[in-house]
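What follows is chain A paired twice: with chain B in the first complex and chain C in the second.
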Partner chain A sequence: MSVIEVAVLGFGQTKYKTSRADVGTPELVFEAVSRALADSDTELRDIDAVVFASAPEVFEGVYEPERWCIDAFGGVGKPLIRVHTGGATGGSGPLAASRLISSGMYENVLVVGLQRTSETADAQQVFTTIFDPIYEQDVQLNVITGIALVASRQMEFFGLTEDHMAAISVKNFDNALRNPYAHLHKRITEQDVKDSRQLAWPLRLLHTCPRSDGAAAVVMSSGEKARNRSSAAWVRGLGCAADVYRIGDRIHDTESDYAIPRAQAWSAQQAYTEAGIIDPRRELDVVEVYAPFSNLEVAYYEALGLAPHGKGIELVETGATTMQGDIPVVPSGGCMTANPIGATGLIRFGEAALQVMGRAGDHQVDGARLALATACGGIDQFYTSAVLASEPKQ
Partner chain B sequence: MTIPSPRVGIAGSRVLGPAVELPGALDALIYNATSAALDDAGMSITDVDGACMAASDLLDGRAISTMTLTGSTGSFRKTEMRVCNDSLAAVLVGAAEVASGAADALIVCSWSKLSDADSNAVLPLAMEPVFHRALGFHPAAVLDLRRSAESGAATVTADQSLESRDVAVATILVAGDSPRARAHVIGFGASTGPYLRPGEPVLDPVRAAATAACDMAGVSVNDLSAVHVAGLARVDDDALADSLGVATGMLVRPAEPWADLGYAAGLTAMCRAHEAQTTGPVLVVSAGGLGYENAFAVVMEQT
Partner chain C sequence: MNSDHRGTNDHPGGELTAPFWEATARHELVRPVCGSCGRSFFVPQYLCPHCGSENWEYEPSDGRGTVASYTVVHRAPDPRFETPYVVAVVDLVEEGWSLMTNIVGVPGEEVEIGMPVEVSWIEFEGDTLPGFTPREKAAV
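So, the complex of A and B:
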């Protein structure tokens, strides 16, 4: 069955900061949405449905924040669906919108991503409640300590070192200097990373992401509409996969190792298959990966098929993923320099769209025609992948 | 270019509850519903491509409530989507995944375990913190005020409170042309009203959602055999029927109209409508929010 093609017409985002105290939450949404509408040359009246992507509502402190913000994105009288898959929320938003369009239900869908983490006193306290309430919450595991365990396993599994992690941090912070919307604008050295405060061994402060307030929005449409536009990013392939959560569920599972996020590989493979990509390292021009910790980015190189098994660290050592390399990863600076959680995956998606439309400004990868955007939620659990192209399928 | 039809099939379904308390942990409850729906469809977990669910973090008491539930919802190594709306929204998104050809079969599920939660503590948090929350309004009071503003006279919509219930519900959606389909969902609609804006007609979103679903299905309200109503307990039958343009006698309310099923209400009503085996197109409507402003509707018919 041939289905309706889907394309991104435009992307808008806010400036990301620790606290956007200068605006209220609906105003933050308005800022992103009005930029997306302008960027896509679309009027609100042309929008048929809205997908609102925001992760735990305890961050905003308002139950069902999409309804509070409805006037800010012109949702009155329109279908409104909120998606939430943890950190993958911003990836699930455009995925849901794509299905709504390609099924023929709606032609133009606005996707809005929001998170205002500054309203929460301690984000990690929120994250302790994602775990099983009977067996695990009392352990006070949180995202940082969980990822630290993953990093220590990666050191054993494929030889990850603090040098690799520091090089990733420096690369991403350098890239962010070219992105005016990034939260952290700071030139750092590998020594700065190694001297930064230790959070949970081997993770240090400069291996991790900031807490950010921010919103993002994309306008997506049918291919028929997009063909009339001077620029559009075409959705060539989508993937989505979930993994089990409990460590006990993986015992004696030879395919499973926390060093390499296998559900990211499953998700990416779906997207590659749909897009007809056989050799992602050679065919992709740029990757916007959702990696809020430097050690995770290295693992994703392998999961995304950019490096052979156990060889992700070689991409760091050769500089292949820098702006000057053959496969730049997060030219925007990525999650490590701005992380409004529920919006973060949508930012990756929007940045990938900008790249293939040739409109990424100072962080544009020359000649980018095929891009991958990912998102991750839970503890190595929910993954989305999207392949975007500068041209529709022939 | 072939435009796919948003028509999808229902291969099986199961509702557990509603009951004051369904014993067991949340994941066991959901597992029982999803596996019973698969049994009802004559399918196994290997036959489905993923899961789409409707769930509330705050009512489940976890920041990402679906995180610990991958096994029981059936999404391990498959696609997973979650909506935070009434479960008819999960039907809509799940149907889009099937109708687009991205999935051949999908579990759509929802749950509400209010025996472990206090919805009266959660729902007022939908009021924004600066201007409204300090007023301490219960959502029912908000609805009364909206109805009063609309009618120009003080209106108390109902003097009975909602009663918390536990429920877990799942259905298996398949492609519209699948031989497994025992019923079809042929129309989808949704609409949203303004946030806390007095004077706006309360039932406008429900009417708009129902109209959109009927339009997509290619049926008029005169063609409908029944209208199954999820939630909306505080709106009387005459007002709802008048808004939808149907006879009051066509409305089918749940056996316990005052049961609060949370996000699971819509899918529960859809599954009950499926079980009823009514001939002809059937409309299912639901609405959530501080005054029913987030409305969804589907039109279904038996195969």
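So, the complex of A and C:
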């Protein structure tokens, strides 16, 4: 029996803004879905099943947003699956869809990602509730403080400085200027980053991400369908891994030291193994990493095998991950310049697909043939990785 | 959205967690110690995460540790909480466990990874919470 390959036929995304008050939630979803269908030259009637990827409902202002949006993605009469792994939701969506297709269950699957963070008064207040309510919430944690605990260890043990973090911010903001969908379009300098407001030492405002409203959608299909297309992004490898709940339980792991997120490494290794990638730094042409903080991007360089343990800062110093470097990371500007949380992983996936299809427009990496997309959720607890290629395996 | 997480005196009871909070009220720090493998762990749970044994008991901690990682928070999730404050993971090195906590009694800029600290009780709206403060250098 031959293996069913899976490919992305098309991607659609909305403009990301602090508030998309110009449209209702179903209209926002429709904006992304209609673009994905057009981009993939697919009719809604050809979609066999829908995977709806949407993260904390407290952000959406409504429970079960898939109910409200059912017509916007044409779900009536079709199998519908909702996935939710926090920030990794948008990475889990295409992962679930891929397996639904490769198992032979469905041929064409639409994946929809949605997040409307403007419907919550204070996202960081919501995020205090993701920590252990009995032993940790009293400490007053949120995502920013949790990631600051990573950053201070990177600084102490792996040579990370404010200069490195500022360079990452400047790179990503520059890249976003070439992506019309990015939320933040402004040129910043390293000095701007260093002068920005301190949130939780060593993290400043310009080391973090905005809160965005937005939606994204991809159309995925079997290899048999994709072969007739002029362009498709072939799913070569997928990975997914979860870590323990408490940050303290990760700090003394010699494999990761907390400063190198080990579950990201686990999920990437699964994807590399499935894709037959041995040297990701040499073999990958572009990476769309889900890094909402500048220090995390450096940590991921190591977790993703782009740099040896403790050497992530060298990729910053050599400029290897800029658009001019040998392995550009987040040509789209990434989630530091647009972060509709539950949809963000799907945007990374869709952007990686555009890169290997040669359709990424002004932020295209010339000749990109092999791309990696990741997603991260539950503050460094849930991870997905996907390797996409311009050609099928067989 | 209930954001009232701190100082609500709502730590659930039950055999698993009540002894920990009853001890903090007496200004005593306790930790689960496994009778099968001899190791400590935190947070309390039914099975020892090291060996899977149910056979563990609370034992006193000497409350002496070092800062494993920290951050100085300038924007609190809960507006009742005064900034800046220090969030840290503290290792109770000799006892082999760690906890998420606050460092008190010292300005944030003086905190360092590896700094020796000892337990210091934080009273907040009826709750007694374990925080940590630098150990006197003479006592190290």
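In this text, the second predicted complex is superposed on the first by the 384 of 394 C-alpha atoms of A that agree within 3 Å, B and C clash if a C-alpha of one lies under 4 Å from a C-alpha of the other, contacts with A are read in each partner's own complex, and residues count from 1 in each chain.
Convention: a contact is a pair of C-beta atoms (placed from the backbone, for glycine too) under 8 Å apart; a residue touches a chain by one contact, two chains touch by 3 or more.
Since the model is a prediction, treat every value here as computed from it, not as a measurement.
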item	value
Joint occupancy of chain A by chain B and chain C, clash or fit	fit
First, second, both or neither for A:Gly367, with chain B first and chain C second	neither
Which superposed partner A:Glu156 touches (first chain B, second chain C, both, neither)	second
Touching partner for A:Thr85 - first (chain B), second (chain C), both, neither	first
Touched partner set for A:Phe127, first chain B, second chain C, both or neither	both
Chain B versus chain C as contact partner of A:Ala96, first or second or both or neither	first
Which superposed partner A:Ile4 touches (first chain B, second chain C, both, neither)	first
Which of chain B and chain C A:Ala148 touches, first, second, both or neither	second
Chain B versus chain C as contact partner of A:Val58, first or second or both or neither	both
Touch count on chain A, higher of chain B and chain C	B
After the two structures are overlaid on chain A, angle v-u-w for chain B, chain A, chain C in degrees (C-alpha centres, nearest 10)	80
Distance of closest approach, chain C and chain B, by C-alpha atoms in Å	7
Chain A positions touched by chain B in one structure and by chain C in the second	58, 126-127, 129, 131-134, 246, 249
Residue ranges of chain A touching chain C (in the complex, touch as defined)	58, 120-122, 124-129, 131-142, 144-145, 148-153, 156, 197-203, 246-249, 251-252, 258
Chain C residues touching chain A - in the complex, by the definition given at the top	1, 3, 5-7, 11-12, 17, 20, 42-43, 49, 68-78, 81, 85, 87-89, 91, 98-102, 108, 113, 124, 127, 129
Interface residues, chain A side, partner chain B - complex	1-5, 24, 49, 55-58, 61-64, 67-68, 70-71, 75-86, 92, 95-96, 98-100, 102-105, 126-127, 129-134, 224, 238, 240-246, 249, 263, 266, 377-379, 381-382
Footprint of chain A on chain B - complex, ascending	1-6, 25, 50, 57-58, 61-64, 66-68, 70-71, 75-85, 89, 92-93, 95-102, 122-123, 125-130, 188-195, 208-209, 212, 216, 288-290, 293-294
